[in-house]
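Paired with subunit B in one complex and with subunit C in the other, subunit A is shared by the two complexes that follow.
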Partner chain A sequence: MTVATQAAPAAAQEQEMLISGSEAIAEALTLADIDVVTAYPIRPYDTVMQAIAKKIANGQLVAEYIVAEGEHSQFEIVKHASTVGARVFCGSSGVGWAYAMECLVVTPALRVPLVAMVGNRALDDPGAFGVEHNDALFVRDLGWLLCWIDSSQEALDTTLIAYRVAEDRRIFLPIAISADGAFLTHSQAITKVPSKSLVEKFLPPYNRGDLQLHPDNPITVAPQVNEDWVIEIRRQNNAATERAYTVIEEAYADFRRVFGRGPENPWFEEYMTEDAEVILMGMGTLSLPVKVAIRKMREEGKKVGLIRLRWFRPFPYEQLAEALRKAKAIGVIDRDYSFGSPFGSGVVATEVRAALYNAEHRPPLIGFICGLGGREVTLEDVYKTTEICYSAAKAGKTERATYWLGVRE
Partner chain B sequence: MAHLIAEVVYRGIFQKNLAARITRGIVLSARKAGRWGIAFGRYGDSPQRNGVPAKDFAIVADTKEELEQHMARYQPKELHVTICVDDTLCKGVESWAWYGLQPINRLLLPNGHLLVTSTQSADELLKDAHKKNTPYSLWILPGKASLAGLWVYKEDHTEVRVLGALAKIAPQILSLQAVAEAIREADWGSDLKVESARKAYERVEGRAVKITEGNPETPYSFEMPKWWEMREGVTIPSLPIGKPIEGGKGYRPERSTVFKKFSTRTMRPVIDFDTCVKCTLCWLQCPDSCFDVTPEGLYDANMESCCGCGICEAVCPVGNCITMVNEAAFDNNASQWDMWRKDKDAYKVWLGAKITDKVHVARSHGFRYRGQYEQELASGELELGGAALASGIPGENADQKGLKPSAHEDKSSSIVTGVAEAPGG
Partner chain C sequence: MAETTTFSNATQVLEPFKGVKKVTIEEYFSSGHRTCQGCESALVMKLMVKAAGPRTIVLGSTGCMYVANTTYYSTPWVVPWMHTQLGSSGSAALGTAAGLKALMKKGKMKAEPINVIAFCGDGGGADMGLGAISATLTHKEYNSLILLYDNESYANTDIQVSGSSPYGAHTTFSPPGKVKRIMHTRWKKNTAGMLAAGHPECRYVATVCASYAVEMMNRVRKALTLGGPTFIHSLDPCPKGWDYDPMLSHELGELAIESGIFPLYEVEDGVLKYYGKTKAIVEGRPRKPVREYLLKQGRFAHFTEEDLEYFQAKVDQMWDKWEIPGVVCFRKDVEAKA
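Let's look at the complex of A and B:
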């Protein structure tokens, strides 16, 4: 696949719109010309289903829009539709996503290239709408590819890229795009929306080939098996997930070629990390307060940078080890929790620690649990994080492995 | 033998309690001599389904450490004794956990023992049991297949008779004394049962089987694909549609080449093509699409796929047109229609012999009518597994078929089918 960067497309091929992250996903779904979408309301995901309904009502998108009686059916329906060759979309949030679990677990084994949006939301009880990442993380071990976004633009672009990756015959795995509830799903920003002809250059039609359920291709999907077959199926899934490293890089390269924009590094955004002594890490919209705080701290001469993870599965462990090579201390801000985990850290901190275990350079790594239940991550939180990281850098070790920030104490 | 590994090959539902009692009995008997043991069923089997071949195992050893070598496994890799409690299983076993047809003696160690409860002779059984490349002994305990079934447990003493026979086969591990003690202690034990075990100990007869003896057929099998050879998405090819049989006429559906099901069968339908009125009912009602439609419009049950459920016999409107006959009376799966069209007179003779030889070949699953068990007990043929039965399921047309057991007067509905028997019998 060609990686050569071409000149940016003419301005006419992209149009600016003031839209939320959810609306940006609906724009991308229209451009991708999806065939089947299922819906069941739960905040904040429901903003996507409303936006798609509008697209269909306006005649901009022709697709089957099926309102299911719950998330379990919602995810079951798209799974089957995808098997007969339909391009499908689905989504949910928090406990809605949890309710669909039985369908979520089999989707990767059945090699269904479903693209789903998870509007990240705290798990009830208590009933709460705010963002936490634990919902999407439920499926992190099961063959789902997972990514987090932090802007409407990235929502739109990543949706197109997700179909390109998921529907690649080498992959055929579901992808969940996580969008922070409220900060992204309910907040509108200026977004470039490309033309359909441009998108067609990037996204080929979905072709399920010999896995398509069709009278001309008589197959049986998901028979009962015993212990003689299961590990081979898992092995296939693992191979597909490993191929995703290559396929994702190809897709981003091609995205840049066709649209004339998009990141060089698909895996994570690096912000002022070039000379950074302390590198902060996290996923989703917490990047925004962190960036602001970094700029302020840099004015005071503190060399702080940010790595915002886009892809959590597959986890870019090699790229991360390289990017963290020069850091004197690492602070991972988790908008999730993992009770009883090693060092009581959040999920991302634990993964980064594991990724660095065999690295030559292993700087002190501190986990921060912050912004749970949709609480804002404040500049103060980030300053505190940095301060703790600096003292660890100076001491060459961590005093405590995990801190909770922004909690009333 | 510092340890003993035994399997019980049995039929799902009908014999699962029987098999469990035998394997538990082995372990508890061996415990009398201070040995350790485990009893378990093969997890991949589906013993909750009527008639499917299934296995239970008992492993006993002198020490716990020795026993551990055999634990956390689905099944032993090899064993000393195979106990077959339904002689039709000597034709081979195909279950969910296995691929292809597995000979009944497959896991036996050299000089191991195959114990079969049967009314057949060793020579007859060796027409079914496949050839083995090491010698072994074949032991026969006289008796019909015991029906320790779902609805009732038939206390026909088969479990204790097998344990008694084992004491003869493996006295180093199970002494008759130990077996007797274990039986007495069991909640299903009694002095009468101890007596049955002793009698079986005396009556069981064994003989050596040479490597030249046995069914010479190569059982069908297949290689399991490597992970990268398997189609992705948990997807397998479905069966394509079938083809005409000859000259564009007739119809033969495609059938699975990897799973055939016939080892589930204990009785098979025998069809009189001369009296068939081509009503299509058998073809329509067969749950496994077994019937080929012949070019002349007859229906030929394919013996590779027939599981022996007996529905075709029950729905056939013509008396004696389809008759279920004990599987033990057959040596191969050849097409009856082929035999019939080659030589119609010879076929008639063959057919007549099969459906009238009721003393030897009749059998049933569970009890077909109320009072059958009492009748068998009263007939005093317990050791042979009960009285001779009329073959066939007494369905709607039982009267016309002359299938209603004459000795039995009870007019209430059949326990098995739940269908009221024809009036006026």
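Let's look at the complex of A and C:
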């Protein structure tokens, strides 16, 4: 739903471009006037760095563009640049993100508002370029805010929103924007690109304030604290993550006010859920085949809907419990795995189950692991998912908690 | 946004201190730390930042100079200071310098030359962080100094052998035992020589020892003045790790130089200059026998006569066989095959 609240329609200040998810992020970074960006090659996220390099080479963006010698350095360099007050960007995929792990750990702890892109990719071994969400999910417990997008437009918009949220003094935490490898990083769609002046109305400059490392502000950052202080500091981090519920809602509301578009509900997209008996859930671009399948199934009278989760951290557990209140069965499609987890489910299914634990209405929930390594999630997969959900709805319980779909025997 | 024309790669011009009496009185590393008595590395911190002055940002990687120096609520750092990860001194220097540069270039911060110094230990610098340091030394458009304080072990974690520990040293990972007297059989990595030889656009690499405090500070000042990414390797006697009376720190530093184990030199724009006692050695003054240095330290207490001879022979090679004595380990000539 779009709300037009402005006298001068924002549409006049937007230009339409045919661009990929990665290129859309590069457009947003140019509009956000980032100061330091670090690159290291790994597919598929590297397309964003290629796009930024062109922007810099052509003079559309002035920023320090540093090609690091590995992802560990890539993330450390921007972490430090941010502490002196620079707006920074970074990103990676799969094992590259894993290689940076130590730096991913310290960035939220240091309250550095880095915005990163994860071009989701299967982890080694064996080698695979295709999408899996396990890479970005590494950091889910550490204070990173995590979101998934499913279109070029959402890529651009979410990048602007991410800076606004991350750099809010109430937050000061890094945000990773996950884009499914190939399906989004490489595919183009018509995207509205706003003008710089419009963006400036939405995104204030980054101000590190009294945390800025500068000779005029001679602070000591991250001294050794041991058991004397570390738990208090962890709790502060947790409080910032909790404040993100409010700050994200504010940011989306303001986005709608300035740009005259954007979702009413930041947390997840609901597709045909009003009357849905079976609600399917998932993150990222699997929304495309699922939506097609839902339309087909609706023609046959099956009341199926989709909830596509945008924000995974903070996890919108209250909003989800409300949205899933009327469902007779829930099918969560995970494009990730969590070996040895409760019920052998994927990560999202496990989180949704936990979110519903205190809910009054707890419909049967079935986890599906599907589309790993970039394997296509087919219409058949979605039909099968729905079928299993319907029989669970009928029985009022699940026969099996987790299914692997589209796997050769 | 257009680049402002006011920005340049300017550095602070820090003239050398002309003698100990001319050294500035202000301290930027003061009380509040809890390093061991006689800790030479703490002295290196103090001299390093005294030489750099107040318009300086210091980054420090994990190690004794982090853990023992910056206990929450009692920082000794008068200048801004920030921790960086064990292998990240190169990235800390580069990121900080790049952040400042971008902000000044784009008019988001007042343009002025700010010194950026990242320090690391031998474990953090010569082992884990070597790749990042090497990368930073190729980014000539960012001014920073990386200072490696070499106490020849992973000291903070209880004195473990590193790639910079001397041959045979007793550490908690290389204890002499009944069957193996020498657990650590590797020769010390030649870090400064390697970095000088490997980075043609790095304008300044030097070795220093705080036993020669003014010389040491002046090398820091030169590095910061020349600009671009620069590197200094400091040899720091460590009473705990080397096992000697803390009173002897200064003397052991001198002996390391006089015995030729740790040569003092600088490579400025590709030109090598030996200095101090090392210069005298190159010009023919005899080196002190290594045993004078080794036998003052408990970490070599298990050495036999044979071990001492081996150590002496390896040091002799540095001076007699190396293409550039004490600096580059290429051999002058092919040795006769037995």
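What we mean here is this: the second predicted complex is superposed on the first by the 399 of 409 C-alpha atoms of A that agree within 3 Å, B and C clash if a C-alpha of one lies under 4 Å from a C-alpha of the other, contacts with A are read in each partner's own complex, and residues count from 1 in each chain.
What we mean here is this: contacts are C-beta pairs under 8 Å (C-beta built on N, C-alpha and C of every residue); 3 or more make two chains touch, one makes a residue touch a chain.
The structure presented is a predicted model; accordingly, all values stated were derived computationally and were not measured.
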{"item": "Touched partner set for A:Phe172, first subunit B, second subunit C, both or neither", "value": "first"}
{"item": "First (subunit B), second (subunit C), both or neither touched by A:Leu211", "value": "first"}
{"item": "Subunit C versus subunit B, contacts on subunit A by residue", "value": "C"}
{"item": "Subunit B versus subunit C as contact partner of A:Gly70, first or second or both or neither", "value": "second"}
{"item": "Touched partner set for A:Gly260, first subunit B, second subunit C, both or neither", "value": "neither"}
{"item": "Which of subunit B and subunit C A:Ala86 touches, first, second, both or neither", "value": "second"}
{"item": "Partner chain(s) touched by A:Gly373 [first = subunit B, second = subunit C, both, neither]", "value": "neither"}
{"item": "Subunit B versus subunit C as contact partner of A:Ala109, first or second or both or neither", "value": "first"}
{"item": "Touched partner set for A:Ala222, first subunit B, second subunit C, both or neither", "value": "both"}
{"item": "Which of subunit B and subunit C A:Gly406 touches, first, second, both or neither", "value": "neither"}
{"item": "Doubly contacted subunit A residues - partners subunit C and subunit B", "value": "83, 218-225, 228-229"}
{"item": "Subunit A residues within the subunit B interface of the complex", "value": "83, 109-112, 172, 210-211, 218-229, 231-233, 235-236, 239-240"}
{"item": "Complex contact set, residues of subunit A against subunit C", "value": "33, 35-36, 62-64, 66, 68-70, 72-73, 76-86, 88, 102-103, 106, 205, 213-215, 217-225, 228-229"}
{"item": "Subunit A-facing residues of subunit C, complex", "value": "1-3, 54-57, 59, 66-67, 70-73, 75, 77-85, 87-88, 90-92, 94-96, 98-103, 105-106, 108-109, 114, 131-132, 134-135, 139"}
{"item": "Residue ranges of subunit B touching subunit A (in the complex, touch as defined)", "value": "44, 74, 96-97, 99, 224-228, 230-240"}
